[in-house]
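Please read the structure below before turning to the comments.
Chains here go by letter, A, B and C, matching the order in which they are written, and residues are numbered from 1 within each.
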Amino acid sequence: MTALLDVQKVGKRFGGLQAVRDLSFEVREGEILGLIGPNGAGKSTLFNLVNGVFIPDSGRILFAGADLTGKRPYEVARHGLARTHQIVQPLTNMTVLENCMVGACFGRENLPLGRAREVAREAVAVAGLEDRAATLALHLTIAGKKRLELARALAAQPKLLMLDEVLAGLNPTEVEHMIGVVRRIRERGITILIIEHLMQAIMSLSDRIVVLNFGQKLAEGAPAEVARDPQVIEAYLGDPKLAAELHGSG
Amino acid sequence: MLRLLRRPFFWIIALVIAVFVLSPWIGNDVELRESLLLAALYITLASNLNLMLGYAGYINFGSIVFFGLGGYICVWLVNSYQWPLIPSLLVAAVCVSALALFFGLGILRLRGAFFALSTIGIVEAVQAFAENFTPWGGSSGIYLSSSIFLPLGGPARALWVIYFLMVAVMGLSLYLSYFIKTSKFGLGLLAIGQNEDAAAILGVPTPFYKALVYSASAFLPAIAGGLYFFKSAFIQPSDAFDLSLSTEALVVAMLGGQGTVTGVALGAYLYEELRGYLLTSQTFSNFQLVIAGALLLLIVLFFPGGLMGFIYSRFPRTQKVLE
Amino acid sequence: MLGILASIIDGVLVGLVYGLAAMGLTLIWGVMDVINLTHGTMIVAGMFSLYLLATAAGVPPYLALPPVLIGGFFVGVLLYWIAVHRMVGRPPLMSLLSTFSVNLVLIGIGTGVWGTALFNVDVALPGISMGRYTFPGAHILAAALAAVIAGALYVFLHRTRLGKAVRAVANNREAAELVGIPTTRVLAITVGCGVALAGVSGMLIGTLFPFTILSGDGYQLKSFVVTVLGGFGNPVGALMGGVALGLLEGAITPFVPVSWTLVIEFVLFVLVLIAFPGGVFSRRGAL
């Protein structure tokens, strides 16, 4: 499998804090790569670096062969990268459908309005929001907003979809549903990079896992291997519940 | 764009234009014409302001600068180079839009409030420039001789020509607002207005869209300025860059409902009626701006959606027809 | 050369007063993310209060300070309830519009009552001479008073309980509420202080230069420049920014016609913002 996203020795510092340090890994086409690590490990920062929201101090970011380092977020979107946010960012006074149309219009394919509407409808359907397509984003529940975040990213028809804690704040039923949606997205041929704290979910979803700690890669490999890695367990020892989950799903 | 012909709102705008054209003409009502001229001017300024305000969410306190500069360039061309009216108007509009694009790329890097404040500063800077620029008559301004009305068929007929041109500019402003709102460009602008960072991540090319809409919002007001000052046959810096006119345009846009096309037209009409009443009333004539301020405060505090916001919440079905 | 030096020193003196003016703006901005567009008019209100008290009521000019301070405070609290209370938490653009509209009303009333006439308050004070140059006593006293008031503000914010509450609200309003701080009251008091500072600085400026109802615009722009230079919500920074601006003015006024000073300051404002979109000093930990 070819590398779709190639992060090479990327570093980023904020004042006195080295958020990401000499980080290298790749996301292979068609896979689901899980990104885990304790809070503050630099996972969201990494997303922001890939996205173009932050510019890396060092290293390169290659996507499908193109060099994305230092590109603006809207340029990155054109290459076929879409992401969701940990703290949802809906376009509040626009409807669910309109939100997705923005994704469709300005995403990879740069579609005209009419075609974008169709693509948006499909994305809305995949995320299970058809009954609320005409609802304003601000009237959605938190679960609805999370689904909207996902649908909107999907509407951009990305090659790589980056999910930042899509499951946070959802009840078990909603979590089940979302996991199903993520699997269906992968079946459509979209590569997925997912950050998640819900261990069982991410361990069962991912083909491979990368573990971050203090901005550096701690471990990489199949979920089972990673769960047994002593360094990983130690990093999580600060949170015994999480370590138990990790070990339990190994 | 042809699909717009099938939408009722397109014809509603056409109807409004027809009313503006026909009502003073049939019956040769000069008084009505003058008051509708003012209304058309407010509608023009407010709709173009709305492109920035209601769509992209940027407050342009200094939109008057397009009006004033357009006026100056047009009057200057007519006066110093004896250019006919229409080419002068067009050149003025193109120049002002180009300048707006240039400056826009700079100041649009500033977010929200800073942008708003810097637009005021731009007006002050341009006014200072006009006051010191001798080819434009400095602080005394430029006087046009009445011979400028000759190519238009004499003063009386010229006033009608100017009126129809202003109505055309108003109509174009309304159509421009409508067209942008229903286009992909408009969708991007609305996204920027909701959450600029999220919009950028979604792929909306934010710096370019903002600069483009800023520049677009300069074109028609520049023509309006050219027409207005040509008609007055006189322009001076303090009139051309009077911040109270752009303030009124802002009040009109917010009164009607920022981001709506209908609202702006309605708001302009209502405001102009109010203003006319205030000017003729003994007690209130000095307090125009006080009323404008009080009105704006009420809107911002209690009716941020303006008139249209109120109408849409009471009669949701109207949203399907009106924009 | 000495002339330029004298101009610069005078600029620093006046700059301290600008700094005081900006403190009112930056305090409100820093604590509640509200941009008070009545700021310039409040400065003018201070000037007119000085005029009315000194000329009409015969009060010695500097004794106008306490009433202006107290009066300004109450006006500020009133302003809070009218235009700011409902805007807290909403995007800053909304408070911009609400304070803008109040300003329109005030200017409208002001010009209706006083027109655009020029007013002046004579303050006869002995100055300090250095060779050919005299530094007006009024400038020195105004600068001294500005520094004292700024110091008092600093003590208030850092050494009193209420001041700590203000800083807490500035830092994180929700958290402050959770620990039991009456945020609404604190916000109202902050606006009260902000307007009081604006008013007092106006009073001091009134002892230095003549003024009209419309003078507020210029001083408001200067306050914005100072705020951007000194950091939002950073009173000490505001004082330093004021001095910097005063210094700049002192350096350029011998060479540039007065009508261009504001334009230069505006260009400076925009350029600084383009280079440092959040102001020269970052917002965190300012207050």
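Here, a contact is a pair of C-beta atoms (placed from the backbone, for glycine too) under 8 Å apart; a residue touches a chain by one contact, two chains touch by 3 or more.
All values reported here derive from a predicted model rather than from experimental measurement.
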With centres defined as CA means, the chain nearest the overall centre is B
Farthest chain from chain C by C-alpha centroid distance is chain A
Could you work out how far the Cα centre of chain A sits from that of chain B, in whole Å?
44
Roughly how far is chain A from chain C, centre to centre by C-alpha average, rounded to an integer in Å?
47
So, what's the distance in Å between the C-alpha centres of chain C and chain B?
34
Chain B touches which residues of chain C in the complex?
35, 82-83, 86-87, 91-94, 96-98, 100-109, 111-112, 221, 224, 259-260, 262-263, 266-267, 269-270, 273-274, 277
Quick check: in the complex, which residue numbers of chain B touch chain A?
182-184, 187-188, 190-191, 194-195, 197-206
Counting only contacts in the complex, chain A reaches chain B at residues 51-53, 72-74, 77-78, 82-83, 85, 89-94, 98, 101-103, 105-107, 110, 112-113, 116, 152, 156
Can you list the residues on chain B that touch chain C in the complex?
57, 59, 61, 106-107, 109-114, 116-118, 121, 124-125, 128, 131-132, 247, 254, 286-297, 300-301, 304
